[in-house]
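As written, the chain order gives the labels A, B, C, D, E and F, with residue 1 at the start of each chain.
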């Protein structure tokens, strides 16, 4: 098992394509994404909306320790624009 | 980045409004919630039910280290009543 | 609160019944599972498929520190066959 | 009698059970939720349109009868569970609530039975269906309240549900809103507008029901594995209790309300059926100590299939016999 | 006038609001998405089939009028928000875009109104509906672009949406594709094939609409709690702006396009309605600084219910009055 | 010939492809699942009702022919992939299984083609559709089993799927259950009950199909980006293999089964089509080493659009030519 960083991002679903394109451009092409997530934060509750456009998505990106600060700098302006939350934590990657 | 605590709670969806109201009353008004989660634990498997009422939800609440014990004390009786799981772990919060 | 290990597994949904059966046979009968998860990794993007068969599921298994290596050895061959990601991290379990 | 099994609705239910029993990967829970919403609205609308033409006095009688059944049946169920089955008070209360309430799926299967055989029926049972969703929840709640050891911790933490909250929920759960809402729209909306909507709510109704019953068959079969854990008494209760309910329903329909055999059979089916949508959620919140696999397995795995396959044709024969 | 409230479509909307207000657990967002797709395609198809028989010159006039309304109305809304309400530029631009665009749900409710009363209408408004989805998005975007302080950070990081991207999105969002796609298929497909599909897209249309409006009622009611935070000016704007739009629509429909009262009322409804599906997503991406609870609450919580309950019957009376 | 493109079903498919190609945000996977379930049941029911009136001998012949095609076609596909394309054994086996099985969506498009042109056809192809879902899965599995290097690790860990398990799955996957279930209900249920359900399963069938094909168009277009990675041989295979299948189907339908041109064209379509629902999941589990983007892209991105747009009208012309 290898030490890695797990970066979690909760952001509005409407911004996800933009975030993914941004990550991809900077070499972070692997991710996991849970759609249809609800939440409440500084800017109020995600109400869902008639066609679900105002809910959140929960993204997980696993990367090496040295990549994490670059990744965080990519995500920060997105959070500034759209709100949301991002966490960084430690984990061990099961090699296969 | 700021050190925070991440509290995860898996609980039956039927109990979620109650949990959210409880948290809100005690000043924890931010959360993220993933609905439609399945699972198995001491009290058997979540079967879904005809109108999905017997599935679980996965809640994440990020808070400061000093708030965590208060939060845990709120959640404990809910887990006692309805079953479920709660985990506390460390993370870094990406400021924006 | 008790120190535990949190094992996260992202794997194709089509393989989930097999993984659950495998875990169950080896005494890991508790789990939480989030269906309908999307992602991208070494083997490309999960496209969903007409009847959703090619999406991923996100599994979380909480266990004791001494169980974790056994669990990881069970999961490793599944990841080898189907691809996917597995992480191990530390957490505190809220007793109830 | 075997004829009753060749009703398409029943065959779809059987197909669903089969699909689960051969461990097919077939499943469509999301779709089933949508179908249930449609069916409840449709039955309400249909009932409301008929009621607009109906007799107020007779309607009030039906409402009163529904209330009486909704209060009486859970009490009977509770007595049987406690004193015959020696079950603990909280599980008894939770299960009893299910049997006092009703199952729209069972009611609709009975309707499909009558439609297939071109038998006429009164429309008052639709209001009774709407009425009977709620009272049993409150009875179950009161039974639990009265017998539960004072739970200091829960109250202190504010986790305890107040009675007011649960009474509120009993009358505002989705099924009740859809049924009463449908009845109100059907009764008050402009007839020309309703006519334009009827190809949706009427024309394709029986077909949508068949798809819903397919899913119900799968859900019912899922619970069969739990039978062993429940024991003989509980499984027996799941078959006996609908028969007891049916007797009360037959008497109510035929003697008290003076319905035709079709209408009488519908009342018997209401009384015999057990809720598996609204009541389980309510009981899970109100009586979390009770074991949900008991009441879900009973309502969905025992009583629902029993009513669909054996009960409905039986209640029909009994209604005919009464009418002779 | 009260008659207008007894349209089943309106009653279903009211039922949805009620369900939310009594805090029922009823909800079906997934289903509602499917219903919206069906409705947009169905209205498009229906329009396309009629257009195949229609007059090209008249169609082109309608298209031009739709473009003009789609450009003019958001400008008027912007001026009111900025100079009467003293709202900041970005929120003004975002809200204005919603009022220049249209709401298919409102349009369909107007259609249900006409159908219930057996009133005939022109089919050109269906094309206008499809056309008017897009221009206001672009106007809103330009207003924001022109007034926004240069945002260096966003541009540097490549997060800023380019105008080209948003224009593209304005013309390829789901509603536009479904409406224009439906129109094209309806206009060009072999009539025999279309006929085979019509029991689905025509027969059950009004019924499906009723179910959609039930959900819309719940969504609208969800936003009522936000009224306090929005203040009197904005809530007033949500009622005044549709009235202004309706006046422009009435003039366009009656005087410029020479429509019958039915068609005129449909144009008025288009002009009076505010988008709550396509435009909110587009504005959230293009103007993230604007507060979504403002525009969602206005479009969904104020203007939509106002149009459904008060506006449509009013626009109908006005159309009749014009035609005298 | 161009006429064949103006079938509404085909236009909806094209609209779906267009929606993806202009990168619209339109999507409705959840809805599509429900539509597929409805369509499979509906086609089964319809077939079952016709079969109840049909000739047993002819039905048995059709079943035998379906089995033969289901076994023969994947073997042919495997030979081409291995010896013409020099593809590895496991990918060859997985792809071959898809071409031996069938696509209900393609079959229904062919049905829509015949319905639009008011051409009559035999109903036996519906049973053939149900039969042909399964055998190819087993052939694919056996091909993989025979050619796979012994995988000690997998077996030791109990991860290896046993043949018995996969044969079971081949016969119990959702599509098979729905098709056979529909046929059984259609054949055995009381006609009066079936009649009440038909507005749902028959009346709105073609319309629901059009919505399903819209989604299929989007799914097909998603895969076009993969063409580059697959190479010319595989894309060519996705066009050639349906033509080979169609020849076998035409011979079977016309010469062996003596069908009318309508029925012959349906058999050709079955043989020409490739599964994209049941077989991909089965192959993913049974042959995880094979690349899913190969078989999904081929079945969904190449062969399905080819059959819908070019194949079906072509097979129809060929059937007509044979019947001269």
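Here is the rule we go by: contacts are C-beta pairs under 8 Å (C-beta built on N, C-alpha and C of every residue); 3 or more make two chains touch, one makes a residue touch a chain.
For clarity, every value in this text was computed on a predicted model and none was experimentally measured.
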Could you set chain B aside, keep the rest fixed, and say what connected groups are left?
one piece
Using the touch definition from the top, how many steps at minimum link chain C to chain D?
2
Same or different contact residues where chain F meets its copy chain E, judged by the half mark:
different
Quick check: more C-beta contact pairs in D-E or A-B?
D-E
Average the CA atoms of each chain to get its centre, and name the chain whose centre is farthest from that of chain F.
B
Computed over C-alpha atoms, the centroid farthest from that of chain C is that of chain E
In whole angstrom, how far does the Cα centroid of chain B sit from the Cα centroid of chain D?
33
Just how far, in Å, is the C-alpha centre of chain F from the one of chain A?
39
Measuring centre to centre with CA averages, how many angstrom lie between chain C and chain E?
45
For chain F, residues that touch 2 or more chains besides their own:
30, 33-34, 174, 199, 203-204, 281
Multi-partner residues of chain C (each touching 2 or more other chains)
34, 36, 77, 80, 89-90
Write out all the pairs of touching chains, ordered by chain label.
A-B, A-C, A-E, B-C, B-D, C-F, D-E, D-F, E-F
List the residues on chain E that touch chain D in their complex, please.
3, 6-9, 11-12, 15, 18-19, 22-28, 30-31, 34, 112, 115-118, 199, 203-208, 210-211, 214
Which of the residues in chain A end up touching chain B in this complex?
8, 10, 34, 36-42, 56, 58, 72, 75-77, 79-80, 85-90
Footprint of chain F on chain E - complex, ascending
30, 33-34, 37-38, 41, 168-169, 172-174, 176-178, 181, 184-185, 188-190, 192-194, 196-201, 203-204, 281
For a test of understanding, state which residues of chain E touch chain A in their complex under the given definition.
29-30, 32-33, 36, 153-154, 157-159, 161, 174, 215-216, 219, 222-223, 276-277, 280-281, 284-285, 288-289, 292-293, 296, 300
The answer for chain A against chain C in the complex is residues 1, 4, 6, 29-36, 60, 62, 89-96
